[in-house]
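Some structures are shown below for you to check.
Consider the two complexes below, in which chain A is the common component and chain B and chain C are the respective partners.
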Partner chain A sequence: MLSIIFIIISAIFIPGVIAKIKSKIGGRRMPSVFQPLFDIIRLFKKGAIYSPTTSIIFKIAPIIYFSSVLMAAFFVPMAGQQGLLSFDVDFVFFAYLLALGKFMMIISAMDTGSGFEGMGANREALYSMLVEPAFFVLVGTLALFTQNSSFQDLYVNLHTSTQLSIIIGIAALYVITYISMVENSRMPIDDPKTHLELTMVHEVMILDNSGFDLAIIHIASWLKFAIYGTIISNFVVQSSWPIYIQIVSYLLIQMGYASTIGILESFSARNKMGKNPQWIIMLSAIAVVTFLTTLIITQKIILN
Partner chain B sequence: MTYLFIILYAITLVYFALSERVKKFIWLLAIQGIILFGIVFYSLNEIEIFDFIFILLETIIVKSLLIPSFLNKVRKHNQLKREDEPSIPVFYSIIVVVISILISFLLSNYLNDIHLHTQYFTISFASVIFGIYFIIIHKNIYSHLVGYLIIENGIFLLSLAVGNVMPLMVNLAVLLDVFMGVLVLGIFINRIGDTFNSVKLDQISKLKD
Partner chain C sequence: MEIIIFKLAIILSILIFLISRLYQIYWVYLVQIIIIAVSSLWAIQCLFISDSSFEIPLMTFMGSPLLIVIDKLSAFFILVINFTMMTGSIYAKGYLKPYLENKSKLEMAFHLFNLLWLHISMLFVVMFRDALSFLIIWEIMSLSSFFLVIFENDKKETIKIGIKYLIQMHIGVVFILLAFIIAAVQSGSEFSFDGLSVYFASHNPFFIFLLFFMGFGIKAGFIPLHSWLPHAHPAAPSHVSGIMSGVMIKLGIYGILRVLTYIHHDLFYIGLFILVISLISGLIGVSMAIVQHDVKKLLAYHSIENIGIIGIGIGLGVIGIAVKIPILAVLGFAGGILHILNHSLFKSLLFFTAGSVYKQTHTRNIEDLGGLIKKMPKTAIFFLLGALAISGLPPFNGFISEFLIYSGMFKSLQVGDLFTDIVLLFSFTGLAIIGGLAVFCFTKVFSIIFLGNPRTEKVEHATEISSSMFIPYYMIGFMIIAIGLAPVIFIQPIGAIVNIFVGNTSAIEQVIPTLNNISISSAIFIVMIGILFFLRALQQKNQTIKQQATWGCAYKGANAGLHQYTATSYADNFGQLAKQLVNVKKDFKEFGKEEIFPEKREFETHSSDIFENNLITKPSDFVIKWFEKLAVFQTGKIQHYLLYSLVFLIVVFLLTFLNWI
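So, the complex of A and B:
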């Protein structure tokens, strides 16, 4: 129960921290950390407008997207604290819950009949498809390494004590951080601040959404950030620590994660659109190398 | 600890497949030199001072300092384009390099021989295969030289895999070979660059008596 509460708390702060860091580095006056929250409240006050070409799919997609992301958040444990729901091989269910939400957004973008949105949907589908092997190989690696198959047990039994397991930890952190960038449509895959529809990926898909629908889409994106931040923090925070240290280090890691995104987005340029697939498949390649390392550790591959 | 460097070496191969910038090739070669030093340093049971100096000379001085700085010089002299696009999309190259690493790991597991140190064999085999592939996909003599150096790094690891002790004479010969190879090819590239204003291989086919 504690995990979902903290995921929601960090989801509120992460976008504000990112905006703050970006404006600080850009030399602008910093907005309040709660500014994104005020924007959402403003959106909630407005009514949604639907284009006459859209169907029921466009209307229900944001709700399904939001609920699938919220449902996925239930499965994520926080340090030693159990997630709200947990069963064997729940990470597959987790991945496909996120995929369901994404699928709904893709078909809703295509439902609008706009060429731009179809193009964005196409890109989003491609990148999600390419990033999936990286996620599954990585979680499979961790499952093999810890001999457990649920999110909760996987992290509880993950001890990076030997030198080889440190490599697994570092590689897993690297891959998960960039998977989160791809899943959240941030740099270097997508620039959320771009103003040209031709170069957008995620933003172009939600051009037709307004008011309430747009607000819950934004909230779902924040939740996604918090979910991935929690997954990253689980690599560091150990379940054997006292609860208050766990919570403090969890919050610090979440803030560090948000600051890293802010710094990355301030200093790095976006990849060329054509180079995104190869960049994403590289994550899978590193995940495979990590998998091989696990095979050596668990002596499935015996070398002398 | 040796495994750490072996895994890092495998990751550099993935980055070789990913990168298209000539400068990055040089950086990666320098990093590979340092990783090779790490592999040799941790694999030797007892180190004599002479062996240590020789290894230091071969890996750090030659492989990660001299050769990359010479390559950089050649790059600047010929005003090479910043990017060297391979003839096969990078996407497939990454898949090829992953498959080659997978095959070499599985092959090493299968070989499991007492006379062969399979831990070095894994990555040396992958390195040689990837070096050849790297030469095939690039149409630039400069990149061929880089591919040759990747193969050479693989052969260096192979010499560790088959020998119980560091075969000094073999290494000395390989070192001389690499040094001469790089020097001669570098001068060759410079001459071609001066004559044709390009180091693309298509230009060489126009050569006549």
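So, the complex of A and C:
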């Protein structure tokens, strides 16, 4: 229960913190941390515009997308605290639920009949397909290392098993951080602040959404940030710590995660579009190396 | 008692030739109702009520009694066959209506007769254990499906494809026959499936298994034995493609499973072999599907992919038995077997909906379509349902079977040794990629056919199909959702089937709470969607909802149909990544330097199947080329032919004279 509350709390802050960091570095005046929240509230007060080309798909997709992300958040544990829902091999359900949301958003973009949105939808489909194996190899590594197979148990046992968990932890942290960048359409895969439709990925897919639909799409992407931030924090925060230290360190990591994104986006340029697939496949390769390392640690590969 | 009714139904099937054209389909229904009722009764009795298999004497065949034997595996297949045949025949009524005008009474009767016999022969395939009668009925199944495929025999291409199909099926039969004969001769046992157990008890099973796998694999469509599949499915009428892809190719899997029940040792390499072939089939099947423009060819490649997923489950199950990890064995087999049922559901649904689109627009090329959801809303929604289910997304049935396989893999990582773990790594990575590619492919095909603006005028005149064709949609749709939301009901009988292969099926009991949790989560998910709909309706009640054209950078002169993303462009970035695999060729004329005012020109892309090219087309072209050269001897002059006989006689004389033969 605690985990979902904190995911929602951090979801509210993360976009504001990113914006604040970026404007600080860019030498601009900073908006309030709550500015994204105000924008959403404004959207909720507005009507909507639908293109006559669109069909029912365009209307149901944002709702299913939002529900899938919120539902996925239910599965994510926070340090020692169990997620709202938890069962064996729940990470498969988690991943496929997010895929369902993406499926709907992709077809909703195609529903507008716009060439731009088709392009974005197509890229999104390709990237999310390529990143899927990295996630599965990563959880496979954790399952192998911790001898467990649910989100909750993976983390609890990651810290209690051996000192060697640090090696796995660091590699996993690297992979999951970049998976989160792909999943959230941030640098270096996608630049959310680009102005040209032709070079957008995620932003172009939601060009025609407005009002309520746009608001929940935005909230869903915040939630996604918070979900991945939570997954990342779990590699550090240990369930043996006292609860208040867990919460403080959790919040610190979430803010650190948001700041990292802000700093990254201020200083780095994004990949060439054609290089993106290679870059994403690299994540899977690192995950596989982690898996093999785990085989050595668990003494299934015997070196001498 | 039942057996007499069953035989009566078989005899009744012949009378279809006497019925007038309009009522033939009702005769099919009559016969099918009897067959389905009787065989399902047997199957349900075997699967749910009694604990053992039972035998019923059918007739005397070549001096010995011919038994039909039903165990839990047969019973499962009987139910799958019956369900898909039932939906297929209901769909056929509407689909065949336009053909009533230009097909004669005899042609229609022959088509429906074959439909009935495909049903009957498929049922017998899973019920016969005697090798000879099995092979005969297997042959009847191939023949009847061949006649079904060449229904549109006025097209030359269709006949060619049909013959190709028939030849490949016969090559398959040769392998199966050979396997039976070798097993029977080497072990001196009877010529039947049960005789195999004697052979396998004393010999290394791999070689005979390989022969069976080749034979049954051609039917199932494992890569590289698949090359008939992407041609036969588009050529066949849609109800036939649905049935063939839904159940007939699964009988190849049945054959493999049946042979596996007799093998109890040296299973590791057999499992590994199945797994590797299946991973290849899954990955290449779905990659090839992405670059297709013909919707039925695309679905045919997806059948190969799904046969791959079924094979991954079975392969992991066999490995699980070999390395003694019961959870992998049980969940692998359970996932594979459940996926047989699942695939028969969503694939027939997809073929039926695609067939409806073809019926209303007369094109299978998805590049000509677009915006059909406005003309055919129900068909579109059911296609979407099938697409979501085949992509393995929750809360539909495809997810459940893939989840079982995943869970078997992740749970056995901890107990496996090094080699098993590496195998598992490849398997779940492969399955994840297959899942991702399926999403990629079905977002493409659904969007291009049903969403956006119409691309040609073929779409303009399309209307929703007649209401009788919706009945199968609803039946299959109900099953897809039922398995997705309440998998626990279905997992118990599946567990009983898995018991044939794995002695200890306690893992099924372990997975039940997880499946219950999935049901609960899916229910919460659906409620959440409902609440959001309500909230949006509430929010939009007092707001102005406007209609305005899609954003196009404020440029309004665009041609709404043409200035859209096409299937080719959607597939292009994947095609670039998997260049070697999908083999896409672009045909176009380059601009010349002096060409100031370019002429109208064309651009075409094709993809060709590398396996078909290298294994079938190239060798057969080579053989034909050399055979053509041999034609120089065929001069047409009698003197030359007399000379040939003289030369022959001299050669024979010399050979005997010199004692060489």
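Just so it is clear, the second predicted complex is superposed on the first by the 299 of 304 C-alpha atoms of A that agree within 3 Å, B and C clash if a C-alpha of one lies under 4 Å from a C-alpha of the other, contacts with A are read in each partner's own complex, and residues count from 1 in each chain.
Everything that follows uses one rule, which is that a contact is a pair of C-beta atoms (placed from the backbone, for glycine too) under 8 Å apart; a residue touches a chain by one contact, two chains touch by 3 or more.
All of these numbers come straight from a predicted model, not from anything done at the bench.
> Of the partners chain B and chain C, which touch A:9 in the superposed model: first, second, both, neither?
The answer is neither, since A:9 touches no partner chain.
> Using the superposition on chain A described above, determine whether A:164 touches chain B (first), chain C (second), both, or neither.
A:164 sits against chain B, while chain C stays out of touch.
> Go through the superposed model and pick first if A:25 touches only chain B, second if only chain C, both, or neither.
In the superposed model, A:25 contacts neither chain B nor chain C.
> After the superposition on A, what does A:63 contact: first (chain B), second (chain C), both or neither?
second
> On the superposed three-chain arrangement, identify whether chain B or chain C touches more chain A residues.
It is C that touches the greater number of chain A residues.
> Identify the partner contact of A:126: answer first if only chain B is touched, second if only chain C is, both if each is, neither if none is.
After superposition on chain A, A:126 lies in contact with chain C alone.
> With the two complexes superposed on chain A, say which partner A:85 touches: chain B (first), chain C (second), both, or neither.
In the superposed model, A:85 contacts chain C only, not chain B.
> Could you look at A:282 and tell me whether it touches chain B, chain C, both or neither (first, second, both, neither)?
In the superposed model, A:282 contacts chain B only, not chain C.
> After superposition on the shared chain, which partner residues are touched by A:293: those of chain B (first), chain C (second), both, or neither?
After superposition on chain A, A:293 lies in contact with chain B alone.
> Once the two structures are fitted together, what part of chain A is touched by chain B and by chain C alike?
Looking at chain A, the two contact sets intersect at 277, 284, 288, 295, 301.
> Spell out the part of chain B that touches chain A in their complex, as residue ranges.
Residues 1, 3-4, 7, 10-11, 14-15, 17-18, 89-91, 94-95, 97-98, 101-102, 105-106, 108-109, 112, 114, 116-119, 122 of chain B touch chain A in their complex.
> Within their complex, state which residues of chain A touch chain B.
Residues 163-164, 167, 275, 277-279, 281-282, 284-286, 288-289, 292-293, 295-296, 301-304 of chain A touch chain B in their complex.
> Mind listing the chain A positions that touch chain C in their complex?
44, 46-57, 63-64, 66-68, 70-71, 74, 85, 87-90, 92-93, 96-97, 99-100, 102-103, 106-107, 110-119, 121-123, 125-126, 128-130, 132-133, 135-137, 139-140, 143-144, 147-149, 197, 207-208, 211-213, 216, 277, 284, 288, 291, 295, 300-301
> If you look only at chain C, which of its residues touch chain A in the complex?
370-371, 373-374, 377, 380, 384, 388, 391-394, 399, 402-403, 406-407, 409-411, 413-414, 417-418, 421-422, 424-425, 428-429, 432-433, 435-437, 439-440, 442-444, 446-448, 450-453, 511, 513-514, 517-518, 520-521, 524-525, 528-529, 532-533, 535-536, 539-540, 543-553, 560, 563-565, 569-570, 573-574, 577
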